[in-house]
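What follows is subunit A paired twice: with subunit B in the first complex and subunit C in the second.
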Partner chain A sequence: MEKVICRIKRYDGVKEWYQEYDLPYEKGKTILWALTKIREELDPTLTFSSGCRHAICGSCAVRVNGNAFLACKTSLDHLLSTFETHRLTFEPLNNFKVIRDLVVDWKPKFEKMKEVKPWLIPSKDGDKSNGFRQSAKDFHKISSPTDCILCGVCASECNQLSLNQDEYLDPFILNKAYRFAVDSRDAAPEEHIRPILENGLWKCFHCMQCVSKCPKEIDLASENAYLRQATMNMGERANKGARHAYAFVEDVKNKGRLNEVTLPLKTEGFINTMSRIPFAFRLIKKGKINPFHLPKAVEGIQEVRKIYEFAQGEKES
Partner chain B sequence: MRYGFFPGCTLESAAKELMLSTKKVASALGIELVELKGWTCCGASHIQDVDDFLATSINARNIALAEQLNAPLLTVCNTCTLMLRTAKQKLDQNDELKAKVNQGLDKIGLQYKGTIEVTHFLWVLIKDYGLSRLKKKVKRPLEGLKIANFYGCHILQPPHIMGFENHLNPKAMEMVAEVLGAESVEFDQRLACCGFHAVFPAEKEVMKLTGINCLSSKKAGADCIVTPCPLCQMQLDMYQPDAQKDVREDITIPVLHLPQLVGLALGFEPNELGIQRHIVDAIPLLKKRLVLV
Partner chain C sequence: MLSFDIVIVGAGGAGMMAALAASEGNDLKVAVLSKIYPTRSHTGAAQGGINAALGNRDSSDTVEKHFRDTVKGSDFLADQDAVEFFTSNMPNIINELDYYGVPFSRDENGRVAQRPFGGASSPRTCYSADKTGHVILHTLYEQCLKNNVKFFDEWFLLSLAVEDGKLDGLVAMDIRSGEIYPIQAKSVVIATGGFGRIYWNRTTNAINMTGDGTAACFDVGIPLKDPEFVQFHPTGLASTGILLSEACRGEGGYLLNKDGERFMARYAPEKMELAPRDLVSRAIETEIKEGRGFGEGIGAYVLMDLRHLGEKKILKRLPQVRELALDFEGVDLIKEPVPIRPSCHYMMGGIHVTDYKTCRTPIEGIHAAGECSCISIHGANRLGGNSVADVVLFGKFAGLGARETAKQRSFGSGRKVRKEADKWIKTFEYMRKKPKGNNLITIRNKMAETMWNNVGIFRTEKEMVEALETINQLLEDYKDAYIGDSSVRYNMAFINYVEIGNLLKLAKAVTIGAIHRKESRGSHSRGDYPKRDDKNYLKHTLIYNNGDHYTLDYLPVKITKYQPEERKY
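Moving on, here comes the complex of A and B:
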């Protein structure tokens, strides 16, 4: 390969266009190298942001061929071989307002983040002059979530956010809420968690985009599961998401398998389920569901229930 | 070739045709599927939202049942694969958790050892069975059939658990399609999410997504969508009439399960593969494109 063609989405505040730049191929370079080289040698008007160049400031995230990456951390060779091409398309992060070219506006996101009180609500176990003590075990609970560098990669890739900017919080905001909710020094986890519940926590698609793309490998999916558990422990079980999850837990305990006929009823209640009658008829006609089918318990259901008992004991201990 | 078979709940109910087509295709290829006795629901990406230890424990039981057969565990559902592999990875990487889970399993005379693989039908075709061998079995090349390969999230992501191929640019579906003689179209939503897991709490968004997914495949010139996941299949097929309500253009496109596609190439007729059970009728299209009885 002799050259790399960089096709960049431009925006000058009014109009949008794509512009191509040819760069000589050099082994072992990063995306940020390419952008910098274009700006320094080919087009000084190209606008992008980067601060640390060491994957700690989070400012350089961009999308390349439809996927978000940290520009300073991602090697060009990796992209060229992944996409088997010498032409790469650069775009600003999705689900952000664009300021110019590849630079996005973080202000609305920070405003949104305030919802979850992204600060420590100190417990009485410490104070300003003496500080706080935290066990190693408690520290480990926050060590991964505090790795977040607010790069926005997760938000760019989030499927729910793409369809619903107003009623869903960005994955990094969920991470922020989690980070304080599990901090042993925080006195009011519910104050971080409740806003998440009120802003579509259960609307997450479970698509795993956030956890797959986060450059800091933060396990955002497990954090979301924790937040959902926490809302249920707070007594918030009368919503579709919680009822749906519970239906699975109960069905497996009763029979070992899911009962698809009663699932909507358990999730949505009788009235809402009635509105699904045309849908149900569509399925019954093709034999996809049989409303009179009563599933039998699986072989070994007693054993399954013993596992439930054991898990319950673990939870309480 | 012998596998412990984990059908997953949908194969017993709404996706019975996937049970049928998987068994037919496996037997035609000479792959022995031994259904796990007493398998339970994998939790379908929901049980961990109530209790993650429980989610790991029930899947440790499922895997331990396959270990007793001493055969790899084969799935045909992306989410089952992800749930089982997640449990397996947690147990294999955390001795303390493994010991605790085994304490529970001990009470029912089982042990999770970590001796078998959890794999997916699509991966088995490529890695264990082999594409050249599959090619030799093709009796009715699917020439002229244009398909949109819809992977679904959970067969690819997160990569540290799935990891069969590059999650940013996978090839498995296209490789199988090529061997069967079908043509894969390029379309924007190839690696999109189907939204199935949030269809109750986020109905509005999920319907919108279904519309986008169907239309993207259709506009790219596909005759039908093919997917390795019964949940994607259900979402894109069963809910298509609902998704249509908000889209001006016609989004109608049939959606096949991967084993049905393979089955057609092996010479089975659509009814033998349960294709008549889909909400969007695929049979007129198949009659037009393929030589059917």
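Moving on, here comes the complex of A and C:
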């Protein structure tokens, strides 16, 4: 390969266009190298942001061929071999407002982040002149979530956010809430968790894009699971998400499998389920569900229930 | 006209601590300007830690020892009254940060963990794995959000306005809209960080570390103090200059030359790799110079070997370091040693601060803290772990100082700041429309190359005089520069233009300071004057900007307790 064609989405505040730049191929270079080279040698009007160049400031995230990356730490070689092409399309992060070219607006995101009270609500165990004691184990709980550099890659990849900018909080905001909810020094985990519940906690699609794309490998999916459990422990069970989770747990405990006919009833309640009858008929017609199928307990259901007992014991001990 | 009681410029560790302190009580109108978003600030890049004599790891450690180590590390150029104030307040600051929510690594008793660092006689560097600066920066931002601090993100400081020797205000551009505003203020805190970018790519600094606040202060008559003292971090990645934390050496990493020798035995037989940064940097460059490095020219390097620490320890204590070496040098340091070479890291010098308790400068209304300032606690060489400490502690006191100033002063006339803003509006208009001229990138690269080769780790008169000529020429070329972007909105080419102008001014001051300091001290190492000369140079350099012509003055060093002695490790 002799050259790399960089096709960049441009925006000047009024119009949008794509512009192509040819760069000579050099082994071992990064996306940021390419963008910098274009700006310095080909086109001083190309606008993007970058800071530390070593994956700690979070400034330089962009999309390449539809996927979000941190420009400074992603090698072109990796992209060229992944996409098996020498033509790369650069675009600003998804789910952000664009200011110019590849630069996006973070201000509304930080405003949104305030919802979860992203600061320590200190417990009475500490004070300003002595700090806290915290075990190494408890530090470990907040170690990974505090790796977050607020680069926005997770938000760009989030499919729920693409549908629902106003009623869903960005994955990094969930991470922020989680980070304080599990901090042994925090006095009020619920104050961080409740806003998440009120902003579509259960709407996550489990598409796992945030997890697989996070440049810091933060396990946002497990954090989300924790937050959901925490809301149920807080007594927040009168919502679709919690009811759905309980229906799963009960069905599997009783029969070792799901009952897809009763699941919507348990999740959405009678009235909402009735409104879905036309949809259910279409499913029946296509043979997707069988309303007369009442599953029997699976063979070995006793073993399944033992697992439940065991898990219950673990939780209580 | 926009007006605030206090304006803080820069939202790194120092700026945000200043904001927290200044906005206490909510009785004053405070604004923070940052040319980026606060969490992008360079404080976040600090990996290794923050020094405070807590005695958690070594109960024999004391504030006194921290004081002595810092003075000795500074090669006796630090002001000892300031150092004493600094070291005795640091334990409190750590507790305060803990209370704010900084996720510190912990010891077996649940106390803040501490590790050994270069130049320290006890393990006193508090840390959070190897992301200490990052978590402190984010925690301070969180606290600012909690306190509803007013942030102007992506606002760029163009200049300060001073009338009758007192602050009138400042001029800043809202980068997104391209609008230029005069802003009135009773006091400002300049906290804009260092200017390692005078060496452009041979630095560990972020791309935007261009000394904007330092240059703005310099332009209104505040002298630069000790600009010749430039710290080179011994362990930059060989190919990019990106920093590998001192924690590598703190955790026991070896430095090896091409003969497989732990060469530090020759330079600091007792401290070995844990000698201070200036010593280790020179040792590495000497090895390379004498042919015991790998490779040649600008690409030459030595190795840092961590393999003997074992996978478990590396993954636990240095996970980010390992990732950096993997991503940016292609080396897994669990399996192989990593190529390293010194890289410009930190500016000991900066805005002349005249009172460490309030961080005020000679101009009424202007305060400064953090790397942009020179208080001076680092003297001729800063110890690892003292910089994040410096930013949070003096950031706080600068905020308190600015608060006092704002309470005592009333607003200036606003005439000067309006005039200054009009000047910038015309400059922006002119530069946007200017159709041709000198290439800015060429100017910038020439500056960096000259500074690295002639005013770098080893210095001599002849080379530095040449450098000064080159920089003067580049300043001339700069007057006819061309930016190549005519847009009003988010015009980064214009921002870069102003930044490069700032760097050139500061590079010139570094060079002049270095030429006139005819001795070797701390990071300033001269081949033609290899010895420290206390008789003539136990004093701070002050450089004033009188237009094209810079003038030089000196200031005595404050010595309270420790008489200068030869610095041995």
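Going forward, the second predicted complex is superposed on the first by the 313 of 317 C-alpha atoms of A that agree within 3 Å, B and C clash if a C-alpha of one lies under 4 Å from a C-alpha of the other, contacts with A are read in each partner's own complex, and residues count from 1 in each chain.
Rule of thumb we're sticking to: contacts are C-beta pairs under 8 Å (C-beta built on N, C-alpha and C of every residue); 3 or more make two chains touch, one makes a residue touch a chain.
Treat the numbers as computed from the prediction; the structure is a model and nothing was measured.
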Given the alignment on subunit A, is it a clash or a fit between subunit B and subunit C? fit
Applying the touch criterion given at the start, work out whether A:42 contacts subunit B, subunit C, both or neither, answering first, second, both or neither. neither
With the two complexes superposed on chain A, say which partner A:239 touches: subunit B (first), subunit C (second), both, or neither. first
Specify the angle subtended at the CA centre of subunit A by the CA centres of subunit B and subunit C, expressed in degrees to the nearest 10. 140
Between subunit B (first) and subunit C (second), which does A:277 come into contact with in this model arrangement: first, second, both, or neither? neither
So, does A:54 touch the first partner subunit B, the second partner subunit C, both, or neither? second
Tell me the contact category for A:180 with respect to subunit B and subunit C: first, second, both or neither. second
Identify the partner contact of A:128: answer first if only subunit B is touched, second if only subunit C is, both if each is, neither if none is. second
Answer with first, second, both or neither: which of subunit B and subunit C does A:163 touch in the superposed model? first
Once superposed, subunit B sits from subunit C at a minimum Cα distance (Å) of 15
Given the complex with subunit B, which residues does subunit A contribute to the contact? 67, 82-84, 159-160, 163-164, 200, 202-209, 211-212, 217, 221-222, 225-226, 228-229, 232, 239-242, 244-246, 248-249, 251-252, 256-258, 260-261, 264, 267-268, 279, 282-283, 286-289, 293, 295, 298-301, 303-304, 306-308, 310-311, 314-315
Touching residues of subunit C toward subunit A in the complex: what are they? 36-37, 39-42, 44-45, 92, 94-101, 103-113, 128-129, 131, 134-135, 138-139, 142-143, 145-146, 153, 176, 206-208, 240, 242-243, 320, 323-324, 327-328, 330, 441, 483-485, 487, 489-490, 492-493
What residues of subunit B sit close enough to touch subunit A in their complex? 9-10, 12-16, 37-41, 43-54, 57-58, 61, 82, 100, 103-105, 107-110, 153-154, 156-160, 166-169, 192-193, 195, 197-198, 200-202, 205-206, 208-209, 238-239, 241-242, 276-279
Inside the complex, what are the residues of subunit A that reach subunit C? 12-13, 28, 40-41, 44-45, 47, 49-59, 73, 99-100, 103, 106-107, 110, 113-114, 117-120, 122, 126-136, 138-139, 142-143, 146-150, 180, 183, 185-186
